[in-house]
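Two complexes follow with subunit A in common, the first pairing it with subunit B and the second with subunit C.
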Partner chain A sequence: MKRAPRGPARLTGRYARRAPGEPRAVGYLYVLPALALYGALLVFPFGQSVWLSLLHWDGLTAATWAGGDNYHDLLTDPDLRAPFAHALILLVFYSALPVAIGLLLAALLSRARVRGMTFFRTVLFLPQVLALVVVGVAWRSILAPDGLLNDTLEAVGLGTLARPWLGDYDWALPAVGIVGTWVGTGLCMVLFLAGAQRIPRELYEAARLDGAGPIREFLAVTLPGLRPQIAVALTLTIVAGLRNFDLIYITTSGGPGNATSVPAYEVYHRAFETNQVGSAAAIGVTLTLLIFVLTVGISRLVEGRRT
Partner chain B sequence: MPNRAARAQRPRGTAPVVALATLALLAAGCVPGTDGSAAGGGTAGGATAIPDPAKAGKVTLTVWDQEIRGGTNAEVEQLNKEFQRAYPNVRVKRVARGFTDLKATLKLAVSGNNPPDVVQANQGYPDMVAFVRAGLLAPLDNYAGIYDWNTRYPTTLLNHNRVSADGRRFGTGRLYGISQTGEFVGLYYNKDLLAKSGLRPPRTWDEFTGQLARLRSDGRLPIQFGNLDKYPAIHTFGVLQSQSGAAPVRDLVFGRAGRFDNRQTTEAAATLADWHRRGYLPKGANGLGYDDAAKKFASGDGAYLITGTWQLADLKKAMGDNLGLMPPPPATPGGPPLSTGGQGLAWSITSRSKHPEVAAAYLDFLTSEHAADVMTRHGVLPAVPGEAAARVPRTSVDGQMLDTWRRLNEADGLVPYLDYATPTFYDTLSEGLQGVIAGAQSPERFAATAQRDYAAFMAEQREGDRDAAAGPGPRRDGR
Partner chain C sequence: MISRTERTLTYAILALFTVVSLTPVLGILATALGPQSSLSTGFTLPDDGLHWGNFADAWTSGHFGTYLRNSALVTLSVVAVATLLSVLAGYAFGVMRFPGSTPLFYLFVLGLALPQEALVVPLYFDLRHLELTDTYWGLILPQAAQSLAFGVFWMRTYFRGSARSVIEAARIDGANSWTTLWRVLVPMARPAISTLVVIVFMWTWNEFLMALVMVSDEAHRTVPLGLAFFQGQHSSETALLAAAAVLIALPVVIVYVALQRRFIAGMLSGAVKE
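Here is the complex of A and B:
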């Protein structure tokens, strides 16, 4: 803060040492209540989680020091590595697919004048509004062995494809993933539609004059114009995908076997069901760091180049 | 599947959080749990005469239980009302949650600053033993003497609620709870469907398995079964595994003798996989929910349903006289019955309850002969059936349940739930059995995995014994 230029304003006292709008110490007083709340509700519990992750603790009796044991286990125990691998696979369904489909829908909807546009937008956005527990219960019955999906497959003569989706070792993870895609796509689409409206019309006209077809136009104008929205969409969906707990809890409890266990579910499972609080905390902390790194990476990647 | 709202406690991730984590770490610098480690201790149990709750003044008794199914819920509600009518100075504040929810939240509740007075704790290492080791439950031996629980209940049943004084062993030592209901895993059958295939309830195990093939070739589903929730297979597997005798399995579960990778385990797992392959179980049983399967059976889909007596009241409501219940048939006609079972979750008193004597009177009331009659009227199996049970017609499904319970106890044919065996066995078994059913894991590998878990825990127990024998010393550190 010493960088503020010293000038003739010395007369008007110490405030004048800074340019207008430059942060002042007194400003911190204004954010102090919020900061205190943030510290008490988020930073302190997180610190406690870090502390717990360094202990062997069953949640009831005295804890013993574990040091890095719990983190070491994360690297060596296949039962602990698997959830992270599953989470990364799920990111394709929770993040990549919704963004891709959202872009496609936005490109289509913003080009063509669709009758009843608001209706379609609302329908596609609807999954965002529902509680994930409701989504989970609904999809659990859709994916049941004699649920809607299998019935439909049988009806159109694709009965051989029918399977107990959530109980199938190969298909359970993609099945849960599809639910995530269904939830995330609407959000992405609405974000992109809003963004597309802010792209100047002249750019499209210029592109068309230059003889660009719809694909060329999308790649040259729409996509670069949507960059900030893509960054937001990726960040939101990746965070949602990685902390995904409710869907797994409701649909599969991590099964069959542990084919769909994810870190967030494993945190709950270990802390509340198998009395391994230290290990649960280590997973939680690692997950937090992973989310942090990914979100920072995305904002660097997508937004950084703009400035 | 009600009440399965998500309850993850997870730190959120943002930049300043990470940056300030070290700071908060310093603020949080104490080892948790250091104040609750008085193993085997507890305060209650000083009474020498029958306590009189009427003289306790104004008391609120907070009770956490998991009896939310139709019959049990009604029975507990009625008994609570009656208890409060008998002692107007006592208010019973009931918190009822489903089994999974209660299991997940109870630990925080009993270790918190304001624990409930009475809780329903699941037997075995993850719950009851862990609570006792942390000194959170009050020993009830005194009350068992005062109230004659020792003579009211068979020893086998009481033993399931015992934990050794050092809080390390299950099935022996002090009494930490008393169960209200009995339960066993039996064969529910649909009388109509059996008759349509010209079958009658089987008298032997071979007859039963023969019927499965017959039902299948008649185009009916022999056994309704849903294993999406992971645990139902433990019950079915338990029935299969104990076919050749209760004693060896019981020794295994209580850690007295044996190995899990034996012939019985492998064969039982192979049978389960075989049943699924042959279509005796629904195709893709791993994808069907437990409650959904029960509903399907109740609506006439499936000739048999292998599950516990806790389902009886709900099934009967849908099926009426068409529902039958029997123990898994023995190897020879008229042989002693044998099945997985035991008793409902134990009702325990927390060690920091301010009214242990009122709580004890409440437990006595809940398990009294009168309570047994109330349970019978609501279609619930009392651990010790009373007079009302004798009047239930033996041909009704309730009569079949009571009769089977009596015969199982007389023949000493109850095999404890397999997941009691180690703290992590529930996971190991449920995950493994899903693999066995799907054909993703061979019966041999399943047995080997179970044995690995079992052997690790047994070794840990033995090591603990050596430490205990070496006398008091510094607590063994994790490594």
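Here is the complex of A and C:
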């Protein structure tokens, strides 16, 4: 327990933060219900996941101690390494592309006053709002052998490029990735547009007086001004990309073969379809670590440069 | 200030992205209104009038009436529980000082980045042991718990920023912390609370993995689950599939369009730390 600072600060500290006559401990009573539910159904199960990841267990018979075996397999078993490799490739589509496209648009739009911004923002953000199951169903239609994409390709004379996108060993992963780009781009654009509008106009005027062209202006004014928004966009899209389960389940179920299997899908598949509970838990824990490392890394990168 | 060409280019690009954003949405809407007999698995445009009956068929023969009822029940419960507990805890974290409050708060914040995949396996075995799988509780409790990470974070940020002088005035009038919260702060916090309600509503309504794991009987299926199973069994019935997808998306889209500003602000702050 920290000692309260002395002097006037202590007085306000004591009297501003609780009603007279109420004990300090009253705070705990307000936190308790949330903490009980959160502890029982989030913190405790996470601890159990860590424990399960150290066991060989099929979910039915007695578990045996595995130690680091499940984690060792993550590094050595190609069937387990592939989903993580797929996830990293998908991050290009789920995170890098949306951020790049979003920046490009913000660069254009930060120079012009756009009418109807509310309309554009509402429409561009819409994919974020739809259930990924609905998104998956819609895009399955587009990517189907006789779907919109192939129809369009044939209509413009590129019929030879048409293929069953989600059933093709080489194209299924990028095809799912494009769906992720569709979902994430609006989010990045909305974030960057909001950020760009907060950049002081004078900075642009000063840059122009110094003879800066559009590209210089972007690099010297827009990009640095958007740093916090870029960090948020990267964090949100990377976390969403690594958690990606719904889209894979609906569009490809990890197939063809395991060409589109990702860690989140592998957790489900192993725990509930092939009875490798310990291995599934190890993937879940590794995924958590990966998300924490990337999230902390991004915020460090941004804060470190700012100061 | 900028040239006419540049202005035109700006609008052209915005229009292009609007089309890209809307195509899948409009495509599924068109398919939902198309004829059921169509053999195409891609989008179809209705050429012989609009088949509104698809929605009725999805509702009855696709059992989406049941699924929508389940989703409504689960979502309302999660929203109610998560909002109430978030307001209470956010209030304590925001305006009171007690030993351990900072680490406890960070425990909640960490939940923002914790993926469901790291919880869902033990949760399934725990809840099965308690005989709560295939019940509404099995859907409500875990999702309420997961919503608390954002809820507590969001309400604490609000209460921290809310006028300290108001709280002090209430206290001088002799109000205790409970009365201050419900009589003074909560009425003032209506915009912040409604943002929280809308975000938790959307997350719970759209939730898939947890529902997939916790529910195996049809009677407790929520809409996203219903759609996934419908696709698995009737993948050739494109029009009904699309109609069901529209039925599922509609409640969230209506709320979103009505409250888009608040909605976007809430979603974006989910990952923004102080």
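Everything that follows uses one rule, which is that the second predicted complex is superposed on the first by the 266 of 307 C-alpha atoms of A that agree within 3 Å, B and C clash if a C-alpha of one lies under 4 Å from a C-alpha of the other, contacts with A are read in each partner's own complex, and residues count from 1 in each chain.
The working rule: contacts are C-beta pairs under 8 Å (C-beta built on N, C-alpha and C of every residue); 3 or more make two chains touch, one makes a residue touch a chain.
Owing to the predicted nature of the structure, the values given are computational and were not obtained by experimental measurement.
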First, second, both or neither for A:Leu132, with subunit B first and subunit C second: both
Partner chain in contact with A:Arg243 - subunit B first, subunit C second, else both or neither: both
Partner chain(s) touched by A:Thr185 [first = subunit B, second = subunit C, both, neither]: second
More subunit A residues in contact - subunit B or subunit C: C
Touched partner set for A:Phe120, first subunit B, second subunit C, both or neither: second
Partner chain(s) touched by A:Asn258 [first = subunit B, second = subunit C, both, neither]: first
Partner chain(s) touched by A:Leu90 [first = subunit B, second = subunit C, both, neither]: neither
Touched partner set for A:Leu193, first subunit B, second subunit C, both or neither: neither
Which superposed partner A:Leu103 touches (first subunit B, second subunit C, both, neither): neither
Touching partner for A:Asp58 - first (subunit B), second (subunit C), both, neither: first
Doubly contacted subunit A residues - partners subunit C and subunit B: 38, 42-43, 45-46, 48-49, 52, 59, 132-133, 137, 140, 144-145, 239, 243, 245-246, 249-250, 264, 267-268, 271-272, 284-285, 287-288, 291-292, 295
Residues of subunit A defined as touching subunit C within the complex: 1-2, 13, 16-22, 24-31, 33-35, 37-38, 40-43, 45-46, 48-49, 52, 59, 105, 108-109, 111-112, 114, 118, 120-135, 137-142, 144-148, 150-151, 182, 185-187, 189-191, 232, 235-236, 239, 242-243, 245-246, 249-250, 263-264, 267-268, 271-272, 277, 280-281, 283-285, 287-288, 291-292, 295, 299
In the complex, subunit C residues that touch subunit A: 1-2, 6-7, 9-11, 13-14, 17-18, 20-25, 27-28, 31, 40-43, 81, 84-86, 88-89, 91-93, 95-99, 101, 104, 107-108, 111, 113-126, 141-142, 144-146, 148-149, 151-152, 164, 167-168, 171, 175-177, 180, 202, 205-206, 208-209, 212-213, 223-224, 227-228, 231, 238, 241-242, 245, 248-249, 252-253, 256-257, 260, 263-264, 267-268, 270-273
Residues of subunit A defined as touching subunit B within the complex: 38-39, 42-52, 55-66, 69, 132-133, 137, 140, 143-145, 163-169, 239, 243, 245-246, 249-250, 252-253, 255-258, 264-265, 267-268, 271-275, 284-285, 287-289, 291-292, 295-296
Subunit A-facing residues of subunit B, complex: 1, 4-18, 20-25, 27-29, 31-34, 36-37, 39, 103-105, 107-108, 111, 126, 130-131, 133-134, 136, 227-230, 282-289, 292, 423-424, 427, 430-432, 434-435, 438, 440-441, 475, 477-479
